[in-house]
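Here the structure is laid out as structure tokens; the discussion comes afterwards.
The letters A, B, C, D and E name the chains in turn, as written, and every chain counts its residues from 1.
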Amino acid sequence: MEILTPMETTALLLSLRVAGVAIALGLPLAVLAAWVLGRYSFPGKTLFDGLVHLPLVLPPVVTGYILLVTMGTKGVVGGWLYQTFGIKLIFTAEGASLAVAVTSFPLMVRAIRLSVEAIDGGLEAAARTLGAGPVDRFFTILLPLMAPGLLSGAIVAFAAAMGEFGAVITFVSNIPGKTQTLPLAIYAATQEPGGDAVAARLAAISFTVALLALMLSEFLANRVRRLIGQV
Amino acid sequence: MEILTPMETTALLLSLRVAGVAIALGLPLAVLAAWVLGRYSFPGKTLFDGLVHLPLVLPPVVTGYILLVTMGTKGVVGGWLYQTFGIKLIFTAEGASLAVAVTSFPLMVRAIRLSVEAIDGGLEAAARTLGAGPVDRFFTILLPLMAPGLLSGAIVAFAAAMGEFGAVITFVSNIPGKTQTLPLAIYAATQEPGGDAVAARLAAISFTVALLALMLSEFLANRVRRLIGQV
Amino acid sequence: QDVLVLAAASTKNAVEKLATQFKAKTGATVTSSFAASSALAKQIENGAPADIFISADLDWMDYLQQRNLIKTDSRVNLLGNELVVVVPKGSTLKPDLSKGGKLAEQLGDGRLATGDPSNVPVGKYAKAALEKLDQWAAVEPKLARADSVRAALVLVSRGEVPVGIVYRTDAAIDPGVEVAAAFPPDSYPPITYPAALVASSKTAAAASFLDYMKSPDGMAVWKEFGFVPAPKAP
Amino acid sequence: MLDLQIRQSLGAFTLDIAFTAEERGVTALFGRSGSGKTSVINAIAGLTRPDEGHIRVGDTVFFDSARHVDVPVEKRRIGYVFQDSRLFPHMTVRSNLEYGLRRVPAAERRIAFGPVVDLLGLGHLLDRRPRGLSGGERQRIAFGRALLAQPRLLLMDEPMASLDAARKAEIMPYIERLRDEMNIPIVMVSHALDEVVRLATTMVLIAEGRVRGSGPVGTVMGRLDLSAVTGAQDAGAVLDLTVETHIPEDGLSVLAFDGGRLTVPQIDRPPGSAVRLHIHARDVIVALQPLAGVSLRNALTATVIELAEAGPSSADVRLAVGGSFLIARITRAAVRELGLMPGREVVALVKGVAFEPHSGGAVSDRHGRVVDV
Amino acid sequence: MLDLQIRQSLGAFTLDIAFTAEERGVTALFGRSGSGKTSVINAIAGLTRPDEGHIRVGDTVFFDSARHVDVPVEKRRIGYVFQDSRLFPHMTVRSNLEYGLRRVPAAERRIAFGPVVDLLGLGHLLDRRPRGLSGGERQRIAFGRALLAQPRLLLMDEPMASLDAARKAEIMPYIERLRDEMNIPIVMVSHALDEVVRLATTMVLIAEGRVRGSGPVGTVMGRLDLSAVTGAQDAGAVLDLTVETHIPEDGLSVLAFDGGRLTVPQIDRPPGSAVRLHIHARDVIVALQPLAGVSLRNALTATVIELAEAGPSSADVRLAVGGSFLIARITRAAVRELGLMPGREVVALVKGVAFEPHSGGAVSDRHGRVVDV
């Protein structure tokens, strides 16, 4: 028996790509948001924090629907993107990335923010006396020291991205080879007679991928911790 | 216009209760898991970590399905619970709590684990020289110092619990007043032509609740940080 | 040019088989995306580049038609289905579908699984049928409202509920359940799966695939999966 | 001119500090634990913000509440050696050391990497990370890091508390060079009077958040009533002298002041240089007439000015030697036996090895003031 | 008996330490920064695990690699005052202080809360949290916390480095009481020779992870070749004496040893008590005959034993006084002028105020050994 059918391989690879792109795009923004939330006070901070968490609070289908309305080719943003750059997100893998990026964003921010808050302010004070301005300090002190949280946030977001269903199917539908990620394939399998076995196998694959990602992240986290002198 | 129909009020209260119970039950376990994962090494650690993350990786519907199969009255565990204690989880609010507890569990563990890892080992060493054994240290040193992470984990889990759809509807289905949480009501609304307005209003309620929860958590986190001497 | 079909999830196997056959015949590739009818309709509304929409009920097709998002002249009632009562395999329960019957009592402290009558098509039909049979009021508090036919079916085949109301097509593909009774055809509005070309579709092959699905060859495939021809408009 | 006047509430503690000091030189903040020393230098660095007041160094205004000036820390270019070392845990020792250096334009780099590393004995640690370093190692790195940032003003909070005597002896001359050759003003906190006396030009005594006395080290130290604050063990006086000649064959130098001559271990300064000596009260012996056949090198004619109790059995004798003062701590039994009283002419004897030489930079600030609060 | 023999790799650094010390008393670890002192006490505490060796205190085996004994830290009941204070940030000062105390059965509590708080001057801080406390305040709390845990052995890593002289002067007698009255064995790291001499019974010199010399403080300090390690400034000798009589009217005490008598500031010990004096080399003056009319209280007949260079201009003269030894640091010019050479009879003069008295617990360990590596 082959382990994966071509369709399943496609779904797996697509999931990896979609999740990968989502994390890669979301991470810098998440770091920025976490930094701002973790280190500064400003009016409207709680509202901003609330907006960051919104995708977590809403059922994913609703998030997907909001994306559909705003980022579809008829939507405000999506329409502009389409008219101006010819970028089309709906029904594309890029759109799937956007959907999982949005739903996993709060998870990244939370993890990274925790790391930012745990960093000893005394070190930043020391860097200031050594002439480092805010951006400089951000890159030379905060960013390296938040690396474990960043990794943790990335991995949890990656796992969530691998499992995201509602937002994806609602925004970019369920097109094999284009937008049918593993969770959608699992869903599709449950719609078929005797599909449970297939669904179970796909779920096992998901789990294996997540396990590998976790192993990688543990390994990296240990290295990072050694690098930043925590071990 | 009234702000909420009776049905919506019911759904909101139910959501709060379901999420609250889920966090209350999940938190101690999450703390335990985070402590073990953050402070100790043991064979099978990655596998354990993987299992903790499983609900994040799998589409919620699949998680709900797994719960149905295991915790339903015909399931291995659920059957035993039912036979032995007459506890029935399926189609009940308790079951909904279980479902959201499971899906939000990895989020709690991640946040708390980050906090555990950020605690200076030197403090534990000091506590050891003062005669504190592992459990003693856990309660007197680690637990208070991980409080910000615990809060953060709880709030993120609460938000996710407020938004969980797939696992809930699959495991306990959608019974108004018993298991129809806000997301289920929102989803139901979006499935009807012209239901968008209702869905939007319910989503706004969700958002408001989440915002309030966040404000509360920020407030508590600041107090906690003052209490544990970080500010 | 590929044809993209957005179809209600319950039509998945049949549509895929039709697509394979169509490709063998014409060489044209048909891709399909299966999801809830509501999601698909909204995707079309928001600019999804689809060619054909197959809805599980009339409401969402009407929704698009009102907004001029489908080619009205291409709209057809493609299929029909039947509403049946299923029980877990081996169950001896004989559902009482008589007018004013005791279905609710038969449930005991169990529940009746079906789609959510507020928004899932199968639930709407079930509600109509039970109302017609004067059993709705008794059964309603005992509903387990699933978000899809499949989810309702799982509850039955796992034995978590003693009774479910689903389409015959779904009942046919789940070995864990057996059809214990069928609702009288006049007890609920005809179950209709409408199909149409999407307004923005520019693919010539789309029309011919739609035609193929309506053709006798196509109908044979539908039948194979338990669907019945569309009921005549009342 | 270092000109500081600040008022700041820290919880229940209030800081209310004002002093001025020569810009060139070392200002020592001296006071008991919890008196507010760290708080003062935090304000100078800009890490905390006084409620009101001003902080000026020469022409530069770092802070002035009246004029709404508050230069950000990173623009002040004030080096700070923290009481806890605050090394960056994720960087190697080398990167820590270079952190400030790299942020200074090459043209403004006067303190070079190599010499600092050598001075501080950090060569073998450069590729390590802070974790696992010993307390003294961390402190030396923190010192080097602050130095290499080419500060315009250097703050040091007990920089040598965790250093052994030998390392201290190596570092002190270097701080002198910073002060004298590089003209970097330094404000330091120290509990060790020998460090203060050797390095400081101005001394600021702080108690309970207020200045108890400030001025040139010689003036502050020579006041008997402050010795209670400075710590009984370390009472003594400070003399400013000029190098007269060297006796290379004995490794000695002869120093002159208006009260006479002192022979001390050779000082590496050309004749004519200004030099300061801290003479501990317990190193001064009082005799009624000059002695012979004894290892004491230095005999100065002196007049008893004042007697004060220093402990249950001891007394401090303030002696005028020319226009300067010395303090001798002797037993009260000796006071009685020798019949010491104000006005009495005596000989003050000091061992030649008792001196800790302290050179330069001191002459100019003789006009400093003493503030009583 | 404190019996320690460990070998441990720490990165590139290797610790290879063996020494024994009297169980009753203070063992001082002395050595330069990075020599391995903290590493040794970490091993004693059980915070790191030696690769091999053993650590025993009296009958208790804390660690023995051969016998696979490794008592967990929390079971050792060893108090540890860390080099960094490691206060619990989330607890008030009071809770910090009580942390260890509460974990000891009431019956075993010999050190009470109130007196420790008073001694350390912590009363006004009890309700504060560690954040914002000054360096010295933190260190005092850490000390109190370790004490109140009623340790069976107390480890202190530079406990007084950040304390001012006055506070130090208050705390030292307390440590003496712990040592003498409560019989708590203490192992301390210190860079300050005055602390070591005053408090320690046994001194262990550590350099580069190895023991350079160990034994009773008097023996170790009296060796000229070790003064390079202990720091040139602080060379000196240690005399063990007996209180002979007190002269209350002068606040003086007369001490006797086989080399004669010394008059010192009054010591609070009954006649007959054993007492130790550290006599700094620079406090000893050499004369060819007894002097009159001078504030020097103490003249001892001595014989020059050995001369050694101590610096470019100074020499250390080792003197035999009865069966004991003194070291005098004088200029080489004085050596020449006085014609000092081994065998020469001289008078050693010491000022009465030069003494830092150190009482008790020292007589018993005169048989200690000196180890050379």
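The criterion applied here is as follows: contacts are C-beta pairs under 8 Å (C-beta built on N, C-alpha and C of every residue); 3 or more make two chains touch, one makes a residue touch a chain.
Being a predicted model, the structure only gives us computed values, none of them experimental.
*Asks:* Where the contacts of chain B and chain E overlap, which chains show up?
*Replies:* Neighbours common to chain B and chain E are absent.
*Asks:* Please state, in steps, how far chain E lies from chain A along the shortest route of touching chains.
*Replies:* The least step count works out to 2.
*Asks:* At the chain A/chain B interface, shared numbers over all numbers used: above half (same) or below half (different)?
*Replies:* Answer same: the two copies use largely identical residue numbers here.
*Asks:* Fitting the CA atoms of chain D to chain E, what rotation angle results, rounded to the nearest 5 degrees?
*Replies:* To bring chain D onto chain E, one rotates by 180 degrees.
*Asks:* Taking each chain's centre as its mean C-alpha position, how far apart are chain B and chain C in Å?
*Replies:* Here the centre of chain C sits 35 Å away from the centre of chain B.
*Asks:* How many Å are there between the centre of chain B and the centre of chain D, using C-alpha atoms for each centre?
*Replies:* 60
*Asks:* Determine the centre-to-centre distance between chain C and chain D, using the mean Cα coordinates as centres, and give it in whole Å.
*Replies:* 91
*Asks:* Centre to centre, by mean C-alpha position, how many angstrom separate chain A and chain D?
*Replies:* Taking the mean C-alpha position of each chain, the two centres sit 57 Å apart.
*Asks:* Touching at least two other chains at once: which residues of chain A meet that condition?
*Replies:* 61, 65, 190, 230
*Asks:* Give the residues of chain C touching no fewer than two other chains, as numbers and ranges.
*Replies:* none
*Asks:* Please list all residues of chain D that touch 2 or more other chains.
*Replies:* 84
*Asks:* Every pair of chains that touch: which are they?
*Replies:* Pairwise, the chains that meet the contact rule are A-B, A-C, A-D, B-C, B-E, D-E.
*Asks:* What residues of chain D sit close enough to touch chain E in their complex?
*Replies:* The contact residues of chain D facing chain E are 10-11, 31-34, 37-38, 83-84, 128, 132-137, 139-140, 157-158, 161-167, 169, 191, 193, 230-234, 247, 250-252, 263, 265-266, 282-283, 285-289, 291, 293-297, 310-314, 328-336, 338, 349, 351-354.
*Asks:* State the interface residues of chain A toward chain B in the complex, per the touch definition above.
*Replies:* 46-47, 49-50, 53-54, 56-62, 65, 106-107, 110-111, 113-115, 117-118, 148-149, 152, 156, 159-160, 162-166, 183, 186-187, 190, 199, 203, 206-207, 209-211, 214-215, 218, 225, 230
*Asks:* Sort out for me which residues of chain A touch chain D in the complex.
*Replies:* 120, 122-123, 125-133, 136, 140-141, 144-145, 227-231
*Asks:* Okay, in this complex, where on chain C does chain A touch?
*Replies:* Interface residues on chain C, with respect to chain A: 4, 6, 9-10, 12-13, 31-35, 39-40, 42-43, 45-50, 150, 172-175.
*Asks:* Of all residues in chain B, which touch chain C in the complex?
*Replies:* Residues 65, 68-69, 72-74, 90-91, 169-170, 173-175, 187-193, 195 of chain B touch chain C in their complex.
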